[in-house]
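One chain, chain A, appears in both complexes that follow, with chain B as partner in the first and chain C in the second.
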Partner chain A sequence: MAVAQVKRIAISDSPWPWLLPLTALLVVFTIYPLIYNIWLSFHEFVPKSRGLKFVGFSNWIQLWNDTRFWSALGVTFLYFIVALTIEIILGMSIALLLDAELPGFGALRAILSMTLVIPPAIAGMMFLLMQDPQFGVLPYLLDQLGILGKGTPILATSSLALAGVLVAEIWQWTPFMVLIFMAGLRALPVEPYEAASIDGASAFQMFRRLTLPMMSKVIAVAVLLRGIDLFRVFDYVFVMTSGGPGTSTYTVSLYAWQQTFSFLKWGYGATLSLTSLVIIMVMANLFIRIAKVRW
Partner chain B sequence: MATVEYQRIGKSFGAFTIMRDVSFKIEDHEFVVLLGPSGCGKTTLLRMTAGLETVSEGDLLIDGKRVNDMHPRDRSIAMVFQNYALYPTMKVYDNIAFSLEVAKVPAAEIRKKVEWAAATLNLTDYLGRYPKELSGGQRQRVAMGRAMVREAAVFLFDEPLSNLDAKLRAHMRTEIRQLHNRLRTTTIYVTHDQIEAMTMADKIVVMRAGKIEQIGSPDDVYDRPASKYVADFIGSSAINFLPGTVVVADGIPAVDTATGRVPLDKSTAAKPGQSVVIGLRPTDIQVDSAGPLAAKSVLVERLGHDAQLFCDGPDGRFVAVVDKAVRLSPGTDVRFSVPTSKVHVFDAATEARI
Partner chain C sequence: MNEHDRKAYLASVTDRFVRGEMDRRSFLRTASKLGLGATALGMGFGNRPFMLNKAFAQEQLAPSPDVIAWLKDVGKPFAGTTLKLATESTPPSNAINSQLKKYFEEATGIKVEIEVLPLEQVLQKLTLDVASSLGTYDLYYIDQSWSASFSQDVFDPREQIAAKTELAMPNYNIDDFLPALVDGISKYEDRWVGVPYDIPIFIMIYRKDIYEKLGLKAPATFDELLTNSVAITKEMGPTTFGYAGQMKSGHYALECEWTSMLWGHGGSIFNADKKFVGNDEQGIKALEYYTKLREIMPPGVDGWTWDGQGQAVAQGVAASMLSWGEFFPYFDDPTQTKVSGLCEAVIPPQPIALRKPEECGYGEIPGVGHQGGSSLAVSKYSKSPDAAWLFMQWATCADTQALITALGGGTGPTRASVYDDPRVKANARVGAGTTRHLPVVRETIAKYMGSEPDLPEWAQISSDTIPVGLGKYFAGSYGSPKEAMDDIASQIETVMKG
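Showing the complex of A and B:
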């Protein structure tokens, strides 16, 4: 009986028996929360009655007029662009360097991946300590180099706080870029380089005309993976500055978290999250369209 | 245009020596084929000429200048690789133009040269395509175009036809040779295909295990192979080898083999009593009822214009090219003869031609 049933499913043309498990997971963990989030953005939590009240478009109107949101979006974009640019350039440079087979580089490559196993919140704590104005190593070094005055509280200075957070971000995630780029470099064919050396190309010309174009797909993947992550930045600012001083490190994710869990404005928090999602989706799609290549 | 000269060239990878004491000279305008099985060092020699491998020993001269330590770009060479080594992210136009672009040649001049090369190679319609959008033969032509626009003194080809199908290979063979007749650029061409060597070369260099076995024109190499190895390698239906001993019978030198007594030319240097191996090309063997060689027929393979007769004798399998009208049932006794001038005699121990 059971055997006959299995047989009937196996020979049926319907794809549903096979799609069902995945569809169920998607519905429970992705589609339902998304729809609920959209529904929530048209409601607001009322602490007195401990219930939700329909508020129409008021959350969306509030968002449009919310200067704190626009400022957080600005900070997020700045963080996103600076971190991504530095991580790509630094990551590519280190990858090109490590690609040379020199003694000790194997160990170096292994050490490099260690930053990735540290939880970001812990890395944030580490850099918080390292930037302590009294005993932190970073202010000390910057003082010795004559860049900053003695005992400058980096994370408590509006003009420096975002840079202070970015140091942790870049330290932790550049190795991720290095690993992806190094894998890409390893997969490049050697013959075009031989042909190019006969054709008379210099090392820089080979990098610009061969390596960079041949790596473009790999770079695109790295940008996409890292870019989406960067736009949701939360851990470092939460641990290191809580968004301060003022709003100088206040990101969209942090703002959404605060509205939802500190101020219990669930509807507005949902509106902020959805906005982030839409921005990421639009940017990712635009990027994929631009990054598409024919060769 | 240039000469290329190898003076006692050697190559080792670490403690492992793969080539020793290779010396020969390639004249201006010459089309030289380096021929040998894989692992014989022919590609390594070509890559040393290109500057892609270092020369471990000896001197490499291009146009009389020692180039051992010269960068590939300064050697005035162009190379076509076995897998073409096209630049995958560049269109055909840029693939051909690349060497001129990096040399900062004016754009108008680049255009002129690329269009000339494309026209010569029938690539004009494909200049806007990427390498992956081309067929194998088209890619091969792009690789040739890349070499042509460089106005190099020496062209290097590394088994350029081995990735093409048989028909296209035959076609490109004549194309490359025609191109050489037109451009007259000194060419070094590496292949393991003896047909390519025979049809294209002015001079063939037969290599074996990092050493030169014979240098000569295609006719030389075919008619007077310097060793058993060369005789075996050259010729499209494999040569027959029969071991035997030199005798003199009735004042005529001959070789006694288990298959029969084969008379030699009177001028032969072979001495009576010497152990030798004789080589008989299938095309030189005639069915002859009075002939000295005897075997039993096994199979006749008809090839259209003629046929191959396979026989089994005391010395093993024996092949003769015969008229296609020949009808022989398996097991028939057949006798053969060979003109004395077509008998190749090799020393049994050294395998060198006698």
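Showing the complex of A and C:
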């Protein structure tokens, strides 16, 4: 291309030369895989013929009748709700506590961010060891507190396994909420608080009437980001329980991965992934509307 | 004494001397008889006593000059070729990848790229390779349960030997592979789907010191295994338990251990009509037995695969396990475990009854010695099948297998002659990489080996349907073994229907 042509494009008013690289990346890495996934959900890999066979809606019908999928969806929702609720409450509480310029708080804030750089699989391994019924610190503490019997295998007990996985999740991601909430708290204006203080408002009233309304957008963004991540949970479950015992910690992502890569059911795996994507999109858009999040 | 035997003997003598099991005078006398003086070996006593051992070990573990000469001769036309192999992390693949392939590459000029992956990823890569016929991988690592699926995608090694005599390795001796392994791992109908490459197999490993202390004999039957394990847990628990299992819900490990119990109680997974029969009378008895055994296992066993099981024995938490023989050399390593020299290996417990292979479906062979072997084969889609064939012969010849066994920490060879190789026998002493358990492995392969059925749905059944169902049972989700096995049976029926 001649230099003159390049110059002409560079100084033109058209946005397309500048949008083109990003559009190309989106098409290659997002649009095409999405369309391919939709196409794949109407096909299935047949090991004997070594090829994909058109199966119409059978993968979607199978999904509807698949009790494992519904069980995994239930587990995913439970995980999502419990983790998000605890992370928001704990995150906000810690953020309020740390929102002060006291000696050592700077270091504390820095330490908090350290959990975020640990890969989730490693965090899962750490908590797997910490929950070992024989030498793990968590069963020991719970035994000392009289909450669990000695040697209770948390991750191998149906009623406790999901809680065992959630501990790792909450430990690692609550600091993320803390950091976001703290950034929001630091940006709040001081005048409303001064006025409320003169009017004799209590700390709780100030939090409820001022902090929460003014922080609503920040909270909404945090909830949206964490919510999407939580619905795709895979690492902790894979490392700590492999979905067990039985199916008590089986999530949709783990199920989709297993169907796709372990059993080579590429079509059904695509159907599961698409379903997960649709649920996330619907939930996220509903939330954006309800919370009136503006980007 | 030929050169090979002389070196092997010297290695053994040196090993004993360095370990303090032989005095200096005896060592020097023996070494001089073998024609190697201390000075000639570059050894200085006193200050660097281990240098000789290391230097000699390296010399000892080099491939045979004959093999290298053959590789140089036949490999010339293929210099510059690159071969690819996707494999699970197994002792042979790891030993070849980290220490041995350099000899092949130097001699032939052929570059070998080995991708070490989790088993399901190997299956995925091979499936994609055969589906596309691209020949991305020249060599296929084929798990024993995939033989049927890939039987038409690889060369039958017997045909390769006959078709290209100029590329056939002298003394390769394909008949040297243990017949039970050829039948159980590498054969589908009349075709050889490669040659036996790796043979992890269940043997009985127990703590001899604990057994002796409590006046117990090595468990020869399932009843003895249970009563011994109960006695140990009662006497030494909760510090030490009688038995450790591999019972992680939803993991293939649980299915492996369960099949051993099932086969040992006269049951089978499928009957001759290809119907799941794990819920028949024998199947229920097996699960009842497994349930009783679990009661005396350490807490947390429901979260262990074979790794947790091995760790339990290695750390002295459990006194016995029926598991992969590959653990044994690890247990003998004093730098890694608390039980070096304290464990013994014996054949698996004798079955209460044993169903005949012809009464089972999909090529299932009942036997308490559950095997998880694999084959190595040349892909029909390879762009360099001749170079791949050279590599395959080298990787599975007796000389390389002996080196793999010595370097790979006492893994079980797939060739009969390697069990008698002096280099392998020289390691039959207490210590890291011991081979003292290999006679038991060999006997188990010959007499007690059990092989899983071979069908396309087996990956899902063995890694999900059965271990998830069993996991639910052990977590208390079913009222009885019968209810659990019936549910598993109905789920398998659904899987089989597609």
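In this text, the second predicted complex is superposed on the first by the 283 of 295 C-alpha atoms of A that agree within 3 Å, B and C clash if a C-alpha of one lies under 4 Å from a C-alpha of the other, contacts with A are read in each partner's own complex, and residues count from 1 in each chain.
FYI, contacts are C-beta pairs under 8 Å (C-beta built on N, C-alpha and C of every residue); 3 or more make two chains touch, one makes a residue touch a chain.
Bear in mind the structure is a predicted one, so any value in this text is a computation, not a measurement.
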| item | value |
| --- | --- |
| Room on chain A for both chain B and chain C (clash or fit) | fit |
| When both partners are placed on the shared chain, which of chain B and chain C touches more of chain A | C |
| Partner chain in contact with A:Trp16 - chain B first, chain C second, else both or neither | neither |
| Touched partner set for A:Arg209, first chain B, second chain C, both or neither | first |
| Arrangement angle, chain B at one end, chain C at the other, chain A at the vertex (C-alpha, nearest 10°) | 150 |
| First, second, both or neither for A:Ala195, with chain B first and chain C second | first |
| Overlay on shared chain A, then closest C-alpha pair between chain B and chain C (Å) | 51 |
| Chain B and chain C footprints on chain A, overlapping residues | none |
| Chain B - residues contacting chain A, complex | 50-52, 71-73, 77-79, 81, 83-90, 98-99, 102-103, 130-132, 146, 150 |
| Chain A residues within the chain B interface of the complex | 189, 191-192, 194-202, 205, 209-210, 213-214, 216, 293-295 |
| Touching residues (chain side chain C, partner chain A) in the complex | 120-121, 123-124, 127, 130-131, 149, 238, 248-251, 298-303, 317, 456, 459-460, 463-464, 468-469, 471-472, 474-477 |
| Contact set on chain A toward chain C in their complex | 45, 47-48, 50-51, 128, 132-134, 151-153, 155-158, 241-248, 258, 261-264 |
